[in-house]
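Labels A, B, C and D are assigned to the chains in the order they are written; within every chain, residues are numbered from 1.
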Amino acid sequence: MLTYIVRRLLRLIPTLVVISIMTFIIIQLPPGDFFDSLQAQLAESESRADQQAFDALRRQYHLDEPLWKQYLFWIGGCVQGDFGYSFEWRRPVADLIGERLGLTFVMSLGSLVFMWVVAIPIGIYSARNRLSWSDYSLTFVAFIGLCIPNFVIALIAMYASVFWFGGSAGGLFSQEYKYAAWSLPKVWDLLGHLWVPVVVIGAAGTATMMRLMRTSMLDVLDRAYITTARAKGLAERWVIYKYAVRVAINPMISIMGMQIPQLVSGSIIVAIVLGLPTTGPLFYRALETQDMYLAGTFLMLLAILLLLGNLLADILLALVDPRIRLE
Amino acid sequence: MSEINDARSTAGQWQLAWIKFRQNRVALVSGVILALMYLMTVFSGFLAPYGPDHRFARRAYVPPQGLHLFASDGLHLPFAYGLSQRVDDTGRTLFDHDPNIRHTLQLFARGDTHSFLGFETDLHVFGIEPTAEDGLFLLGTDRQGRDLLSRILYGARISLTIGLIGVTISVILGAVLGVTSGYFGGWVDELVQRTVEMLRAFPQIPLWMALSAAIPPDVDQITSYFMITLILSLLGWTSLARIVRGKVLSLRSEEFVMAAQLMGASHKRVIFRHLIPGVLGEIIVVATIAVPTMILAESALSFLNLGIRPPMTSWGVLLQEGRNLTTLYFHQWLLLPALFIVITVLSFNFLGDAFRDAADPYTE
Amino acid sequence: MVPAMVPALDYQQAPMLAAAVERGELPPLEQRLPPQPMIVKPVHEIGRYGGTWHRMMKGSSDFHAYSRLVYEQMVRWQVSETGGLEVGPGLVREWEFTDNDRTLRLHLRRGLRWSDGAPFSADDVLFWWHHIANDANLSGSLPSYWKPDDTPMEVVRTDSFTVDLRFSKPYPLAVMYLAFKGNQWPLVFERSGFFAPRHFLEPYLPKSGKADVATYAMFEQQANDFNPERPVMSAWRVKEWEPGNHLLAERNPYYWKVDSAGNQLPYLDQIRMEIFLNTEMINFRAVTGMLQMQQRHFTRENLPLLRSFTDKRDYSILTYEAAGIRAIMPNLQFPGDPALEQLLMTREFRIALSLAIDRDLINRLCYDGTGRITAMTLHPSAPDYVELTDAPNYAVYDPERARALLDSIGLDQRDADGYRIGLDGKTVSLIMELATVVGPDMDAVEIVRSQWEAVGIKTALKPEERTLYFQRVAQNGEHMIGVQGAEATFPLLSSARWFSTSLWCEWGHHWARWHLSGGERGIEPPAEVKRLQQLQAILSITVDADERKRLWQEVMRNHAENLWVIPLVAQATSIGVLSNDFGNVPERGVASWVAMTPGYLNPETFYSKSARALTTFDVRR
Amino acid sequence: MTATPRDTVLEIEDLKVEFGTLEGVVQVLRGVDLTVRRGEAVGLVGESGSGKSVTAMSVLRLLREPPARLSGSIKFHGTAAGTPVDLATVDPGSEKMQQIRGNDIAMIFQEPMSSLSPVFTIGHQVAEVIWLHQDKSRQQAHAEAEEILQRVGIPEPARAAKQYPHNLSGGQLQRVMIAMALACEPTLVIADEPTTALDVTIQAQIMDLLQELRETMDLAVLLITHDLAVVAGFCERVNVMYMGRVVEEGSVLDIFQRPSHPYTQGLLHSIPRPGQQHKERFAAIRGTVPDPRQVPQGCAFGPRCDQFEANLCDRAGPVEAVQLGAGHHARCYRTDKVTHGG
């Protein structure tokens, strides 16, 4: 197992390099560069910032150099921990991401826990009560979460929080704690607000996991070793949770590796709609305006999360299911 | 237990599947609904009382108007009231029923011309006699005074087809690549998994922006729409591939797979006769989940002005209206397209479940 | 309107600063104020100190949301007696033209101090001129408005509080440009300015010769508007800048303005800008009564929603006059298809297109009837405003006449789908490109599309990403038809769509290239356009007001007759929210980009009647 | 094997099981009577579809009760407490039933490869039964498990205990199933087609193992199979089932030498005998097993029986059992017509 992990980690590096080149090129694809898109935006309000004024800025950020040189400049910096400057925010990329990473992970992990705590039991329940009315209604609720676009759900959540519960509109803190230093009441305030994004982001994922768990349970419940377990005199509760769920949950574990990066990138739209101080809004804006180094570093972070997530999923799968040999 | 199976073996595998399938009433209902939905797509021109772009100047934001049978002077053929306008203090135009204007519902009414299989016709299944002001607004109108029901019916053409084609491609890709990757392992697995990672790390937003810039403005809608479907499905198969691979890794050591291999079955036969039926449950679940995701992904593209352009529309585009507080506060009916998506996806889901149960050798 | 000299008052200061003085952190008020601080008469009444101004901002590229509040120019726009806009004193106490309008002498106020206490003098103007404006590494080349017909101005320091701007020929616009571009450099991405803190930035200048990229990047970093250490001359200075989250500005203890009762301005202690990407959040903030005064990012269709919470949340709707005219501008030198270019150049074709548009329907459906249907004319608040008389008006809805006109110019044949066929035998197919994607402007264009098709002209819409639109119009002029707004208050200063003298002009990009390159590149425009280009040059050097009005008459008639541009519906009002707790905000005003609304309305005199506490903020249920 | 009178362990009387499907009710067991005495090896044979497996599953109520519906009585006299209990009336989910399953009555299933959980070790799954029914510590249970594995002939039981099902062969896994069944020294073991999925050589070893364990542990074994050769080698008494009912019961000698029910006779003639000329066609019973939904009236075997006599064999109601000798009876009115083959 250990050699397998080491080998996979070594193979990570070439994949990351390829991904970094790919992302760097793709960020460049839209027409013009950051300053062109900025000039277009300013031009909408009739400002006529001259072309040359931006050329000076382009030189400062090496944008006038050929693409491969820019890439080397960026990658060279990344290796030494200097991830470059954001054109828009005029701040080192490391700070911008660093400040927001904590909350992003808290939210993403919160959504992951929410998904698992909700989807698994409901998946098991609807598998045991297949085609009963409760199964249909649970499926209906799951699919509502899936079919309404998450930006509409986020808006509805904010609408409910403001107009029905009289809370604040979006964000992770109420007004008085927003800019205060971290303190215990601030943490409570955060938890008070965190459930809205966690539920909204988790909605789509919950529906998927619920259905997958149901199918996986149905598949396992008909296997011979379930009858054997019953014939051994095990109580039904044990038969379900020790023998059926223990096998049925394996596919879920293999998806978990994918879910964390999915949650982080999936939460972008919701973070924008709810105005959350997480990485999402900054990332979307950086991609939209080709804020090169900020967008590139985000994408690399996501790529690393993804690769480690996949590796984690494979390892977990092997640990959980003895039948799987990791060659 | 084995007696039941034995008795049935004489009835043939697929005949049996149909017997079990028929037993599942919900699946039958779903099947009927889906058939209706797709019929709706073909005959949207006839069904929709108006064209997708028919604007009623003074009828912006009309709430859904029902059909009425009873009026002050007793029973009538189903009719729609004429509407009178008034502006409340916030500047919002409100509509009240004008008791003395009644438009009786006509079957096979004349209305906007629409093309059907190549020839033009202005025949509509139902409607009211065309007047400048009033119209038949069963589901209300949008910001530009266009009938929402007609736009939903026309939107179905895009959403239901894009949902189906896109999902089919990504499911086929995901299932086959996932199974082969799990079954063969070694370098095949390595190659497929690395491609999966590459595609999932793919920044989609700049890609769409670059595409919207690359497509010349006058390319016709149909090709750009098919191209989008293709790209969406090429990026969409990765999650199914991961799930299926995980399952196949554990199935691979099951005895029925080894037994088949022992009997000298070719890899292809093992995969298609044993492994794919083994992961059928997962494939169907992911496929039904992919339908709404695909429909909504199309709307995100339209928002980045790459997808559907006026006058064509889709359910996803219609839902873009739901993006603001005013719609939530005043015009909630504009979210109705989401209900159509839910109904479609539920039907797909129950149909899929029933199909999975029927084809699965294990379940009674 | 220069306020009369008021006898030396005993000046008061904000409690927050009085406390700081006691703690010895600040010199007393007398040492902080200049001998004659500028007196600003609040529009309603003397305010009171305290309170935080909450506003919304979309990101650092939306810097105007903050920069307009700290609008401190050499000279500034102010409201004239007639209610229009005129140039008044700012950092410059008074100015005069000499050497028959070729030299502009500026007299700076004496004794002004930067927000870090350092003295402000002519050296700060000269520092900007020598080390920033003329250094290609920082500003590229000198902006065009400081080198009228290509001869750069000279900036001469006569004494530490007087500066002369010398031009090769009379340049009355210089004062207007000073009011428009006379701010502290660099105004984030505007990259324009007229002065900079010499004492603060000089150490970061590149040492002689070693001008490498890194030092300039450091210089930019220090001079950046959001740098909390950077000294400013404005009413508030940046205290906290957390990119992506919020910006906090607090009062400038050395601010050199007092109200008519001698209280050092500004009244409000802080400005807090919250950064949101989702503009819908602003509606939420407004309907929960958390915005004191904001005019940015509100769109028309949310008006009923905002109005239904006015009494419950104790605020009112602020409607200022808008000065832009939304117009459809065909590219009259369309390179893509010579036959189509010829058609677009035909006046009757453009008139037919204009007559086919039902502007009343657009105004009612898209702008709640608040739009203004007008030809290309000046906005009443423009300094050179003049009525356009006896000129043809094609902004009327007459589809029959449009169809007749189209038939008369040879477009009478129809193809299988009923669309008109051009002179070259191909179906005429127009493509309208625009950068706005959602909201009323998009609806309006959709309606125009269907109405052009109603008269037989096949039309397609191509909404596209801003950068692409900018590239296709301003860089290559390859678009067919563009849709944008034309500024109508200060067309001379900022609009490119009146005179076809800027690459930005959708209808005359290649003519403008010909004009700017002195005839070497681009396409030679017809005589009427050459006249327009000439008129802009004449207007920029004409001082006499009546002569300017006559010239503007000719410009507007030229546009009305030739219909270079098809005006749609001018946005009459821009909407905003004003809390009833906020004082000294005028009910009427112009939402103009050049006057940096609400900058010209002296935001330093805005005050919170309840002077809500600094940080804690009770969200009204 | 002298038939000394021993007290009965299992007494099934008039056991009926039907399955409700949307097409109506399917009668699978139509009144089964069966007894097993302590330490006795009883065979239950019949073609597929005769209901033998459903009988096996009904004893421990392992059928999924909706859609299955069970009636009649299943008296069991071997509980530790000694008092007989009618398993038909016990709630399958109850604590009581769970104490009987795997402790007093144990089962061995047909496909060993899929009857063990793939994710738990062999040792764990065997030790679990001990740990479940006897208050022994985990370590004791595991030690005992290894002992039993040794006893059922698993090589290196300590190593095998740590392995997973997919590491062992079919034969070894069936030995594990036997170990699991016998871990708590049950009174009765029900073996449902234990050797069907195994190849012949392994079959013989498994049957010998069962035989030896039966004798040493005085175990009652109810063996369900369609393989008459296995029955001949193992069972003392045999019940032949057809269409959900025992049509003939007797000692193994009665059945093999004096088959009295036409169906039993047909069954015996359809197995090849050593030395039989290979050219002769095997005598197959004509027709096929009818659809359980349309069972003929009277004797279910009627349509396929050569000795069928109208309005005798097709009289309504179940055919009464005809005594043919001590402990040998058949449900057929025309047993005299049946010629006793060699």
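The rule is short, and it goes like this: a residue touches a chain if its C-beta (ideal position, glycine included) is under 8 Å from a C-beta of that chain, and two chains touch if they have at least 3 such contacts.
The structure presented is a predicted model; accordingly, all values stated were derived computationally and were not measured.
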>> Closest chain to the overall C-alpha centroid, by per-chain C-alpha centroid: which is it?
In response: A
> Which pair, B-C or A-C, has more C-beta contacts?
Replying inline: A-C
> Hey, how far is the Cα centre of chain B from the one of chain C, in Å?
Replying inline: 46
>> I'd like the Å distance between the centres of chain B and chain D, where a centre is the mean of that chain's Cα atoms.
In response: 53
>> Averaging over Cα atoms per chain, report the distance between chain A and chain C in Å.
In response: 40
>> I'd like the Å distance between the centres of chain A and chain D, where a centre is the mean of that chain's Cα atoms.
In response: 56
>> Can you pull out the residues of chain B that are in contact with at least two other chains?
In response: 209, 213, 250, 253-254, 323-325, 329
> Residue numbers in chain A touching 2 or more other chains?
Replying inline: 30-31, 155, 223, 284, 321, 323
>> Give me the residue numbers in chain D that touch at least two other chains, ranges are fine.
In response: 111, 114, 118, 166
>> Please output the residues of chain A touching chain D within their complex, sorted ascending.
In response: 223-225, 227-236, 243, 246-247, 320-323
> For the complex, which residues does chain B have touching chain C?
Replying inline: 53, 55, 57-58, 60, 89-92, 143-145, 209, 212-213, 217-218, 303-305, 309-311, 320, 323-326, 329-330
> Inside the complex, what are the residues of chain B that reach chain A?
Replying inline: 24, 26, 185-186, 190, 193-194, 196-198, 200-203, 205-207, 209-210, 213, 239, 242-243, 245-247, 249-250, 252-254, 281-282, 284-286, 288-289, 292-293, 296, 299-300, 316, 319, 322-325, 328-329, 335, 338, 341-342, 345-346, 349-350, 356-357, 360, 362-363
> Which residues of chain C touch chain A in their complex?
Replying inline: 59-61, 64, 136-141, 143-144, 189-192, 213, 216-217, 220-221, 224, 226, 240, 242-246, 248, 272, 274, 276-278, 280-281, 284-285, 287-288, 290, 324, 435, 465-471, 474, 484-485, 487, 494-496, 502, 504, 593, 615-617, 619, 621
> Where on chain A does chain C make contact in their complex?
Replying inline: 30-32, 36-57, 59-62, 85-86, 88-91, 96, 99-100, 155, 158, 162, 166, 168-170, 174-176, 178-180, 272-275, 277, 281-282, 284-285, 289
